[in-house]
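Chain naming follows the written order as A, B, C, D, E and F, and within any one chain the residues start at number 1.
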Amino acid sequence: MKLTIQVNEGPYQHQSADSAYFFTKAALEKGHKIYRVFFYHDGVNNGTRLTTPPQDDRNIVNRWSELAKEHDLDMVVCVAAAQRRGIVDDGEAQRNGKDATNIADGFRISGLGQLVEGAIQSDRLVVFGD
Amino acid sequence: MKLTIQVNEGPYQHQSADSAYFFTKAALEKGHKIYRVFFYHDGVNNGTRLTTPPQDDRNIVNRWSELAKEHDLDMVVCVAAAQRRGIVDDGEAQRNGKDATNIADGFRISGLGQLVEGAIQSDRLVVFGD
Amino acid sequence: MAMLHLVNKSPYDASSLETASSIMKGDDAMLLIEDGVYAAVRNGKAAASLEGLKVSVLGPDLAARGIGEDKLIDGVTVVDYAGFVDMVEANDKVQSWL
Amino acid sequence: MAMLHLVNKSPYDASSLETASSIMKGDDAMLLIEDGVYAAVRNGKAAASLEGLKVSVLGPDLAARGIGEDKLIDGVTVVDYAGFVDMVEANDKVQSWL
Amino acid sequence: MSEIKKFMYVNRKAPYGTIYAWEALEVILIGAAFEQDVSLAFMDDGVYQLTKGQDTTGIGMKNFSPTYSALGDYEITKIYVDKESLEERGLSLDDLQHLVWEDEDEDWAEKDSIRLVSRTELADVLAEQDVLFNF
Amino acid sequence: MSEIKKFMYVNRKAPYGTIYAWEALEVILIGAAFEQDVSLAFMDDGVYQLTKGQDTTGIGMKNFSPTYSALGDYEITKIYVDKESLEERGLSLDDLQHLVWEDEDEDWAEKDSIRLVSRTELADVLAEQDVLFNF
């Protein structure tokens, strides 16, 4: 089946960010197609490359980046949610006059339409949040 | 009285980040002393300068920065929580090999001891969170 | 050693109001803020948990949610942020039931 | 048109389990994940809400919380993440009771 | 894939305490452009989103409640409100905004958008959907 | 300001579902260096933090439950557990870790750290404190 995954919470604060990752990974391992992973609400914070978790802890952001690379995942960070919370790529930095970017490898910033379109194109929408 | 304020949630997702601001402002207006504002858990995300909220919405980060400037507030972002969530100043960037910083004016990154010391030195600890 | 109990969650979604009521003692005060204000609506099921307790509600949070003060149970005081600060001062310590 | 109900909150802190049970119909399935797994502990008060429902629990979340499978109410199935994916496939749609 | 899907937005959170209600509305408004068969459900604390007379000046947030009355213009005309959630909270339909839409097929007659349903009826409505958006 | 304060950490959240339990422990451990009069309370879902046999390999998170048994070494010896919270959840003391501390004044005799209290007794303990940390 074809899936769109929605992630509503940022890394470390709620387990839902972890659950989304393990579910996505398991779906891929079973041969399902991930049409898109959409990061909404605080979920956009999964897309920052500036985290430095403790040595003995998992690296949530890198885990997503690696999974995306391996499986050519489309990982979309909602632009409206990202602007509120400070997730920035080159284009956003330029548009909003920011002097730095923080987006991680494999994530792209785009509109909410990508979530709706994902829900239309996929067989299932699965939401992880709090 | 002397107060330490703890902020547990990031901007926009939970009202507690707003409540903490309005409470702090009201306390200052009544002539109380704010010994420290301590940002913990997702609260550290209040300290990013990369947010661009919609024109018709409040700017939570700037509001804190301005209040801090006006009243010489000590606004501390917990270093352990900040590392997990990607809030970075120059020192942290250097230490952790990050190629960008995102900390906003008026915030400084320091240890959890600052929260405990704040609780010892203050007459009241007031926690805003979820 | 009176204590201020801060409740910021809807009593219909979270257990914090119930816990706060079970811990409150004689001189303690409760302040409902954010989604916690819904507890004080007169005809709501949760109102019963407030019986016999000294309860205040944060006015700005009430107004934002479209709840008129005439809808509140009797005996509840409405305060603004300055009143919130006064309550923190009037009690020896604060427990936020997060 | 069977539906998968995902519950990820403790039934002792949040209302989502209760709501999910009230919406569940004949063929629907419920999967307890994260703090939702506590609902399936045999002697807990919340276990009653699961009576008569088709309920599964995510094993990794159960183990993390130190709850042995012998502590669960009868009839509950323990699945891993692969089983979670199968449940999503076996039902027509998913409702996450956030 | 060009078939029309039955989209249901399930709203269960109070406004302002968290951003979910507002960010749900943002999805709903953008989703309207995709011309699916859209319904909204308000249950549990979600019913609070529709209260009349919201005034956010004291908390410095944008009052987004007027947006609900614009939903009719986006051809969102099926708004289910859970009766039991209202009653438990001491509210009635009178406490909610009066949401309407204009029926093109009946000379733009104004019709009620809100459908007050029991929990059982709501379960039936949810069962009929293709996709559930959860807030 | 060098007087010793009565510090109480109130733990009300389950572990792993959110980070609060773990980040609370981080404060508790660092706070121990400040030599205040420290107590911990576990109530509501907080009692789940102390369960035996936690195994987080399947969720990729660090298992922080062994840290609780180190609290005695930090001279944290007063750990209040709310009896009603345990019972409601179908748990008993047997399901929790056995936490102990060694009493220097009694030739390092091993003593129980956990004090099982009723809700009323817990209210009394909270009332005696100077500062409450809320998690």
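Worth pointing out:
Just so it is clear, contacts are C-beta pairs under 8 Å (C-beta built on N, C-alpha and C of every residue); 3 or more make two chains touch, one makes a residue touch a chain.
The shown structure was predicted, so the numbers you read here are calculated from the model rather than taken from an experiment.
Fewest steps needed to get from chain A to chain C, stepping only to touching chains, is 2.
Distances between chain centres, each the mean of the C-alpha atoms, put E farthest from chain F. Because chain A and chain B share one sequence, their contact can be compared position by position; here over half of the interface residue numbers appear on both sides. Put simply, the chain farthest from chain C by mean CA position is A.
Just to note, of D-E and C-E, the chains joined by more C-beta pairs in contact are C-E.
Annotation: 25 Å between the Cα-based centres of chain A and chain B. A straight line joining the Cα centres of chain B and chain E is 35 Å long. Rounded to whole angstrom, the centroid-to-centroid distance between chain B and chain F, based on C-alpha atoms, equals 27 Å. Among all residues of chain B, those that touch two or more other chains are 12-13, 15, 22, 41, 54, 57, 80, 125, 127, 129-130.
Touching two or more other chains at once are residues 8-9, 12-13, 15, 34-35, 60-61, 80, 93-94, 96, 98 of chain D.
Residues of chain F in contact with at least two other chains: 13, 16-20, 44, 59, 61, 131-132, 134. In this structure, the chains touch in the following pairs: A-B, A-D, A-E, A-F, B-C, B-E, B-F, C-D, C-E, C-F, D-E, D-F. Taken together, the chain B residues at the contact with chain F in this complex read 40-41, 80-81, 111-113, 115-117, 119-121, 125, 127, 129. Residues 6, 8-9, 33-35, 60-61, 80-82, 84-86, 88-89, 93-94, 96, 98 of chain C are the ones touching chain B in the complex. Of all the residues in chain A, the ones that touch chain F in their complex are 12-15, 18, 22, 54, 56-58, 130.
Contact residues on chain F toward chain A in their complex (touch as defined above): 16-19, 59-62. Looking at the complex, you find that chain E touches chain A at residues 1, 5, 7, 19-20, 23, 26-27, 30-31, 33-34, 36, 131-134.
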